[in-house]
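For reference, the structures are reproduced in the following blocks.
In the two complexes below, chain A is the common chain; its partner is chain B in one and chain C in the other.
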Partner chain A sequence: MKRVYVNEEWCLGCHLCEYNCAFANLGLKDMADALKGKKIFPRIHVEGDEKISYGVSCRHCEDPMCIKSCIAGAISKENGVVTIDRSKCVGCLTCVLVCPYGALAPSEEGTMQKCELCVKNSCGEPACVTGCPNKAIVYEERG
Partner chain B sequence: MSIRYIYPEFEVVRNENRCIACRVCERQCANEVHSYNEEKNVMISDETKCVNCQRCVSLCPTRALKIVKSDCTLRENANWQNDTIKEIYKQAGSGGVLLSSMGNPKPLPVYWDKILINASQVTNPPIDPLREPMETRVFLGKKNGEIERDENGNLKCSLPPQLELSMPVMFSAMSYGSISYNAHASLARAATELGILYNTGEGGLHEDFYVYGPNTIVQVASGRFGVHEDYLKAGAAVEIKMGQGAKPGIGGHLPGAKIVGDVSKTRMIPEGSDAISPAPHHDIYSIEDLRQLVFSLKEATEYKKPVIVKVAAVHNIAAIASGIARSGADIIAIDGFRGGTGAAPTRIRDNVGIPIELALASVDQRLRDEGIRNTVSLVVGGSIRSASDVIKAIALGADACYVATAALLALGCHLCRTCQSGKCNWGIATQRPDLVKRLNPDIGSERLVNLMTAWRHEIKELMGGMGINSIEALKGNRLMLRGVGLNEKELEILGISHAGE
Partner chain C sequence: MSEYVIIGNGTAAAGCIEGIRSIDSEGKITLISKEKYKVYSRPLISYLLEGKTDVERMKYRGEDFYEKNNVSFFPGISATKIDADKKEISLDNEEKISYDKICVSTGSSPFVPPFEGLDSVQKKFSFMTLDDALSLKEAINPESRVLIVGAGLIGLKCAEGIKDLVKEITVCDLADRILSSILDAECAGIMQKHLEENGIKFLLSDSATKFESNKAYMKSGKEVEFDVLVLAIGVRANISLVKNIEGEVNRGIVVNTKMETSVKDIYAAGDCSEGYDASIGGNRVLAILPNAYMQGFCAGVNMAGGEKEFSNAIPMNSIGFFGLHVMTAGCYDGECFEEKREGVLKRFFVKDNKLIGYMLIGETDRAGIYTSMIREKVPLDTVDFELLRKVATTFAFSNENRRKKFGGVV
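And now, the complex of A and B:
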């Protein structure tokens, strides 16, 4: 299955992926309109310091801890993509506690959100990948 | 403000309606122009530090930025122009030599733009390169004067070593140190994929790049940095650098700040020490001395590799080239006055040397007149900007062209001409690890391959139009060129007729 991978060697720590992610999932046409003066809630987060940095998003684990832990049954796997049904989420934060990658975080409304590889928006390829200026984020099949 | 204050050259224009304060510009500017005001949630900029490299403009996700030339101007004066006056102010403040980078930006004549190319009509049909084969391969090196046969009538195959190029273009010398590891990696990988060569420059060859040896020209310059037996044997050819078009007659100076880690190891000098290349080679004061170095290098490489001698285009270039041809060199590389540099004194860059077009024409003619043209190949550089410049150079008599500025542009360079600061925001002319990694060689080499592939298509189209299907048939074919707006003397030196003749 194709997944989002980050090559920390090429990550510049520019944080563009966070903004592209936030914009992609708002479903608006213009980034300035969409994000001007707003706090963003991206599903990828850049970690690190000036020397080394990398974006972290959901790994779409083979056997995801988040699915097992969800008390509301809101998280499931669809074609290998771990997705969340936010109408079911009760905001208990258990998934946040158990995810070893810190890939889940609350959305603006308080329900949990996570990277769903842009399959639920109109981007096609994940927006963090297409927007990365240094090909540090790739979307590919790895064994 | 004090007497030292000079109004910034550029203004950062931020469209506040579009800026989302994502701080990408701030993180990407090594010159620290942009900063974030948390209290007001706005970005602010300090224009005094801006060099107009356009990194922030290119990465701004909402296209909120542009850099414009400041219109704060001194009183107009055709003699004392703004730049001239500001240079005086700078020198009055510093007492130092002005430094500049990349090629001469002055409005001196560009002869390429005053030369036009022929095309076939009616009597000699043009060729369609999409339907018929076109040969862009060239071989550089000494050619035999005549066909020799042994007593049985069989051909004697004793051709001196040759370089094979898939197209008449090579990446010219840029040292590891002046440009980054990733820039070198991009050039090396692209040259290998394209079947052309790149050039190490005088900084030695990083151990990681020995695998690209068959597509590498290793350079020996006056500082002899990084030169050892394995280095000489690693490349496809050895180049002796006598001069550089951007700064003829002076050496080089890579500041100690850039001699870090692998650069120091590759150059074989201590970390932090300035790498000073003397103006002359201290063992070369005559053609005879040059001949000694040419043959020392041939001896060291067992006569298996061509030796290139690179000189800057200067006033007596034809006589100098004739001397080089007789020194035993296989290839002469001539670098015109518009050639780039990682740092040069401004006055030298802008005022020393001659245009490559005139140098090339006069050298080719002189070598032909002396009957020694076939003993050397001619490579020219110094602002070859496009496929049509390549075609014009070949028709004027060059065997191949060196390109560097165009290659750097493909890698992301925006010609801000401040390489000497070492803070290249595009990861090219810098050794700062956080900046070097901005140039991903996967992207860099792909863009170089794209550029050269595009040029190769254009070269074929231009050749086809002339009814020529092989680059060899264009070489020195000056009948394919006409001048526009050139005087008699210029046409005479270029050896071409005026348009309409």
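And now, the complex of A and C:
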């Protein structure tokens, strides 16, 4: 299946992916209205320093620890995409305790959120990928 | 066609069903459940009282889980005896069912020491099951004074859950600190202060010695008046089914890394079992939900003829009260490295060039990176441990490790 991958060599560390992600999942029309002056809650975050940087989002693991560990049974796999039913989540953070990639974080409301490859919003293709100015983030099939 | 019987209907049982079905889509699965409910998320009972979830959303799996997995569900029934020679299980409705493989996932029961006068207390509850939570909810009102015996995970989650529904909560514990099974004195002190600021009162190094209807006489000589009593002292694994047929038991039903008990064709998983804990290199009861699921799944795969081992279990907990979160993992028997800032305390325990445990309070972002370092036994001289102590980031890993983690399918 297609997943999001980041080429460290090309990542500029501009954090645009974080903004595009937060905007895509808000479902609002205007980016400035949606994000300006507000704390954003993206599902991808950039790690690194001035020299090397890269975005981290859910790996949609073959055998995800988060699904097995969720105390609410709120995380499942749908067509390969690891998905959270946020109505069931109580914000206990056990998924944060077990994810080896640090790919889950609380939403503004306290329930957990993670990259779901933009399948639940209207983007069609992951917004972090389409908006990356240096094509450092790709959406492709790898072995 | 194989006949699988699962005794108990918690998380381990759900894992076992999914484990069996990952290998065998045909075999007959029978599920014996003492509780009348379909599998629900036990640890959510405090959130139910708090109003953060409801009985519908507490369902651990979808409404069609048993149908989809072709499971015969026997609610409200207990298994009373296993006959390993005849390969038969006796039920409390006088029926007998045959089996090829059993998974015992009977969980644990509250342990209540023989307190003098406990019978004279009218409103007393344990806090383990959905029914416990529902009856507690019935018994409390905005004028209730509640005494909780036990300042462990169960007692304190109960306190948080009912805080806004009652007048007053006092928690007592014989230990000198709260959450004594997972926190050291300083971390426990931070959490205790936070709980006190949220209106919970504590009586530590102290416990009830005697009850007289609505009054508890404490070891210290103090007297506590209460309307409702919650007993959250501890739990005991439900081991009798296997113990009675001379299967190896200790504090739990002893299993190997395939979840096999000492009795042929009988497996055990979840809180009733005592399996391998990689953090101490020996067996122990690890009564935590992720472990129950993974043990159950592993048992199911092996019951169905597959090959699976679960050999990297470690204790790990994420628990929060009134917005302050604590995470712990592994064991603390090593050199301690500390990171302290306003509102944040992190302790890392190191032995033989490996991270073996941690305690985090106040800052828990991406803590799974630490947990994975313990489980994968990552040598610390291959990472930037100084950076990691400040912030959990995969940037502290080697390029090679990072490429492996992020460059392909994991």
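Observations on the model:
Here is the rule we go by: the second predicted complex is superposed on the first by the 143 of 143 C-alpha atoms of A that agree within 3 Å, B and C clash if a C-alpha of one lies under 4 Å from a C-alpha of the other, contacts with A are read in each partner's own complex, and residues count from 1 in each chain.
Assume a contact is a pair of C-beta atoms (placed from the backbone, for glycine too) under 8 Å apart; a residue touches a chain by one contact, two chains touch by 3 or more.
This is a predicted model, so every value here is computed, not measured.
For the composite obtained by overlaying on chain A, chain B and chain C can both be accommodated side by side without a clash.
Looking at the shared chain after the overlay, A:Arg43 reaches neither chain B nor chain C. In the superposed model, A:Lys114 lies in contact with neither chain B nor chain C.
Legend: residue contacts after superposition of the two complexes on their common chain; A:Arg3 is shown touching chain C, with no touch to chain B. Once chain A of one complex is fitted onto chain A of the other, the partner contacts of A:Lys68 are limited to chain C, with no touch recorded for chain B. More chain A residues lie in contact with C than with the other chain of the pair chain B and chain C. Looking at the shared chain after the overlay, A:Thr94 reaches chain C, while chain B stays out of its contact range. Superposition on the common chain A brings chain B within a closest Cα-Cα distance of 17 Å of chain C.
Counting contacts as defined above, no chain A residue meets chain B in one complex and chain C in the other. The touching residues of chain B, counted against chain A in their complex, run 17-20, 22-24, 27-28, 41, 58-59, 61-62, 64, 433-434, 437-438, 440, 442-443. The residues of chain A lying in touch with chain B in their complex are 9-10, 12-16, 19-20, 23, 31-32, 35-38, 50-51, 131, 133-136. Put simply, chain A touches chain C in their complex at residues 3, 5-6, 8, 47-49, 52, 54, 56, 59, 61-62, 65, 68-69, 71-73, 87-88, 90-102, 105, 142-143. Looking at the complex, you find that chain C touches chain A at residues 14-15, 41, 43-44, 47, 52-53, 57-61, 289-290, 293-294, 297, 316-320, 325, 327, 329, 364-369, 371-372, 376, 392-395, 402, 405-410.
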